[in-house]
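Labels for the chains are A, B, C, D, E and F, by order of writing; each one numbers its residues from 1.
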Amino acid sequence: MLISISEVLDADQLDLMRGFMGSLAWQDGANTAGRVARQVKQNLQADLSQGIGPKVERTLRQAITNHPVLKAAAHPARISKLLVSKTDAGGGYGMHVDNAFMTNGDEVMRTDLSFTLFLSQPDAYEGGELVIEHAGQTQALKPQAGDLVLYPSTSLHQVAKVTSGARIVCVGWIESRVRRADDRETLFDLINLKAALTPSHNDQSAEMLILSKVIANLKRRF
Amino acid sequence: MLISISEVLDADQLDLMRGFMGSLAWQDGANTAGRVARQVKQNLQADLSQGIGPKVERTLRQAITNHPVLKAAAHPARISKLLVSKTDAGGGYGMHVDNAFMTNGDEVMRTDLSFTLFLSQPDAYEGGELVIEHAGQTQALKPQAGDLVLYPSTSLHQVAKVTSGARIVCVGWIESRVRRADDRETLFDLINLKAALTPSHNDQSAEMLILSKVIANLKRRF
Amino acid sequence: MLISISEVLDADQLDLMRGFMGSLAWQDGANTAGRVARQVKQNLQADLSQGIGPKVERTLRQAITNHPVLKAAAHPARISKLLVSKTDAGGGYGMHVDNAFMTNGDEVMRTDLSFTLFLSQPDAYEGGELVIEHAGQTQALKPQAGDLVLYPSTSLHQVAKVTSGARIVCVGWIESRVRRADDRETLFDLINLKAALTPSHNDQSAEMLILSKVIANLKRRF
Amino acid sequence: MLISISEVLDADQLDLMRGFMGSLAWQDGANTAGRVARQVKQNLQADLSQGIGPKVERTLRQAITNHPVLKAAAHPARISKLLVSKTDAGGGYGMHVDNAFMTNGDEVMRTDLSFTLFLSQPDAYEGGELVIEHAGQTQALKPQAGDLVLYPSTSLHQVAKVTSGARIVCVGWIESRVRRADDRETLFDLINLKAALTPSHNDQSAEMLILSKVIANLKRRF
Amino acid sequence: MLISISEVLDADQLDLMRGFMGSLAWQDGANTAGRVARQVKQNLQADLSQGIGPKVERTLRQAITNHPVLKAAAHPARISKLLVSKTDAGGGYGMHVDNAFMTNGDEVMRTDLSFTLFLSQPDAYEGGELVIEHAGQTQALKPQAGDLVLYPSTSLHQVAKVTSGARIVCVGWIESRVRRADDRETLFDLINLKAALTPSHNDQSAEMLILSKVIANLKRRF
Amino acid sequence: MLISISEVLDADQLDLMRGFMGSLAWQDGANTAGRVARQVKQNLQADLSQGIGPKVERTLRQAITNHPVLKAAAHPARISKLLVSKTDAGGGYGMHVDNAFMTNGDEVMRTDLSFTLFLSQPDAYEGGELVIEHAGQTQALKPQAGDLVLYPSTSLHQVAKVTSGARIVCVGWIESRVRRADDRETLFDLINLKAALTPSHNDQSAEMLILSKVIANLKRRF
């Protein structure tokens, strides 16, 4: 299940973020990559531990964590620390697969889902598509600033070479309460169905009680 | 999931059946029981292979197989040969557990669900309750003639001693396409939800398409 | 698996509790309910954070946590904060399903099992049955004070309207190490079998070693 | 896993097929659809039981069954009867979901994967794309004649309205030995890896023995 | 779970078999091996389709199929056609892994367990051990004639080179109703426990009822 | 999967450890055993909380935690507190099964794997083999000092009676991220395959990308 979620950041939040970007301290992205990833990772990463950094992290995290579509699609048990990355002309991130487990503060989390929240408008850079491979199908995504692409961490993916301009994104990982992708899709369908029935059905109607029961029980079961 | 399904046989079919009962040949039920069951099984069983037998089997099988509630609750992959049993005063069937696998013609089937279709009216005999144990809860059932009790083969159960009259029932076993009881309940809930929404929603509406998709995909998944 | 466990509180503990009830501060139960539950929840809830509250919580928790039957039936990984609720005449708690996940202090727990420990004697109130629905079967329970009803959180359930008197209970939720209900029943059966064999079999006998091994390995497997 | 497999039929086989198409008897596709599908299915279906029909069925089945990429991606336990469908201008097949189980001769099969083998060149008709929905992503496919699109039966899909010309395809369903889509992808990856290593590694090398063992054991495990 | 089962054939049956061996027609074992296995398989195989062959097959199959320990350890759903193989000095069968699926008459079976029933006494040949590898552990087995070694088909295994004499064995494969090895071990333990308790416990005792219930329910569950 | 890992401690570390052993405080091992284990546990256990104890614990833990073969075979989520045990002549530890869950500091861990790291050379004591039972197979292990035996906690095992000398070992338990033994073996095989291919294949080669993807995805899946 690969979905694009529109306007996770609205225009005001985007403006705010763009203002902050100039004040962040940028480091070589290879510093935070493993041995293999380092060979293909060519970008800069913001130091979010100092200056305006923590505020940026907090604002982004809040927008992501509270988004109802992301909740319904991902059922997050844990959301990793966020990274803010800048890829200038000549940079990119070659084909790779995300590690299955990741240290996140004191604990280790499983990476079920990856996401990229685009902070630059697509016309601010050439190239730089997020390219995701599923068994022979390849999707190249370059959405609007403020949009978030949520995709399975199980895929091979890359950031195409940026040929001009700068691409700034926020990336992160999610450990889901629902381990299987097909089960997340079933829950997503049922939650959407419930939203569609809500205007015409009372919460205590037999239909809504059954649907609530099924959703709760499938959450437990999966 | 233990459910009683009303009127699997209607009044006419019951009359017909009662007429047939007199013409059936009855044998000691211990003949068709294993070593352990034989110690506790005290009833008679009809020979359905001759005379009016095959017609009785066919009529009962058709009523059971086509019942929509049974289909929605059991999702049968296989239904065993049917047995017609008569328990006279003094008889019964002590506490036991059904075998997990059962020879059924040329093949072996798993017994997920057991059922008893009552052919005698409850006032035609004293005692003879179908007693089913679930972890400390005990239910004693003695429904109307024509009703069918569907219950998990995983339970300990017995037929209480008949103290007067005669209790005639049809019993059988189902291998379900859906192995887990909780999953069968979820599908049962969703199929009931779909039935409830059908009068107010078009088959091609987004709601019905999602619901059909979820039901089909959960059938595959389970 | 729905079971009633007798005398989780003995007569002395019950007396003690009844004495404490008068000193607790009671609040509208709707305060601690979600949007949907609030529509159907009509009761009072004790503030266990102050005064005699923490002592009440501790006493109840200890009695529940240490009960051997509850341990064997539930295999708790986590037990939620306890609630003490009072339902006066006119109150009740309409049909609902418990949330699949629940915040419990710093962590989130899955609700596999719900329990109600009755603090009032059944003759102290009219109505107020705990009504639990399993696929068409409905059980209405009103046990002795001191008894605890343990039931799957996956069921639809309600507290019937109290028509006179007051019903005081303690309720809570359990996340089990054993997610499936049928697996909990199998473990419960084997633990009971081990208890039954203990008087006649040495711990180092081949029988007890095998049984201990199977129980330990099924705990890991489930 | 949605994949396009090129040239399942080569140019000669396509020529042969096109010649046969004129000799087939065509019937209203609604005849072979269920109540719901009938409302949205507007096409013709060839009668493959007579005349040149059985030969067409046999030729297509052989090409599909023996294709190594399809085997590696689908691990078929059963392949359904094939349908040859023609959609003329004005026809199409509205959004629907395939049934989870399907009668296939004497037995019932689960539909894990659906496939469409295109017999018409894309320039022979306008419209008529195979449109497949995965959780918000929509793919519209119109490949070359001879190509086969293999996609999960769990998706909502449709055939877009044909606005001119005629679209002829062969469709069918597969029950896979490997029920989960992610597991099929893992096996597909490992089989491709084995093919890549074969030129440089002896069958009895430690590397190939391990890889063969892992593939065999995952086939059993899944 | 690798177990040796003693005396699957008794002395009389072994004598009978040894007499038959001379009358069998022997073919190059490579004829019945796949491309890879052929490179390492150096033995002869009896033609069991003619002459004394069918009688040999029937006798061996009966002894294997009815053996209570094999039933309790393997829970066979299907047992493959049997092969009788002779390995003379210089022959052997190099390290390999058995195919996950195997054609068996009209159907395809999964190979969960492999077995070798030894027809020659260990002093009738030098070398020829059955060598089975589990993750670094290697076991070399050369049991008495009449004994059967049952081992997981998931292991890498070989027949060591025979340096003198002739090694005659019967080999076959089992598809188990219980797919996981650890689950088969749990059932094996419980069936052995039941056998151990049988002398001292009545079939209708609470202990035996619980144990029978658990065994039946775990068979269904696994 | 039972494996022996050689030289987890090298000669220098062993010398260091042997020096420390004399300075440790030893207590009756029965103190830290449950009711049943106490009946069969006859050894001494070092108090690692004081004096040289913490340093010994730290050194051993580091050697164990960082060993690449142990990581690839066990995929530890948690490693228990370590015990250092001394068994003098006459002592031993009778047949037992490890508890499925174990308190480890503030949390409870599942015991999937047990390990024994031998600190005494095998000629320093007679008897004292680590005897592990798998369904009828019994392995008696007495490896070199510095070697570690990793074995499933699901097995029955014992320490044979020591008849002379003293046997000093370090024991502990592992909760694995990969619950099933067969899945751990598959991952172990693939990690070994990756190590074998590394010298001849670039990290960004298609082969290595596929293999990395499969390993990461199976880690998530299991």
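Here is the rule we go by: a contact is a pair of C-beta atoms (placed from the backbone, for glycine too) under 8 Å apart; a residue touches a chain by one contact, two chains touch by 3 or more.
No experiment lies behind these values; they were computed from the predicted model shown.
In terms of the stated touch criterion, the partners common to chain B and chain C are A, E, listed by label.
Chains that touch both chain C and chain F are the following: A, E. For the self-contact between chain A and chain D, the two sides draw on mostly identical residue numbers; the shared fraction is above half. The interface holding more C-beta pairs in contact, when D-E is weighed against D-F, is D-F. If each chain is reduced to the centroid of its CA atoms, chain A and chain B end up 50 Å from each other.
The distance from the centre of chain B to the centre of chain E, each centre being the mean of the chain's C-alpha atoms, comes to 39 Å.
Those residues of chain A in touch with two or more other chains are numbered 154, 182, 185, 213, 217. In this structure, the chains touch in the following pairs: A-B, A-C, A-D, A-F, B-C, B-D, B-E, C-E, C-F, D-E, D-F, E-F.
The residues of chain F lying in touch with chain D in their complex are 182-183, 185-186, 189-190, 192-193, 196-197, 200, 206-207, 210-211, 213-214, 217-218, 221. Remark: chain A residues 77, 177, 203-204, 209, 212-213, 215-217, 219-220 touch chain C in the complex.
Within the complex formed with chain F, the chain A residues making contact are 36, 39-40, 94-101, 108, 110-112, 153-154, 156, 179. Remark: chain A residues 1-4, 73, 134-137, 139, 154, 180-182, 185, 188 touch chain D in the complex.
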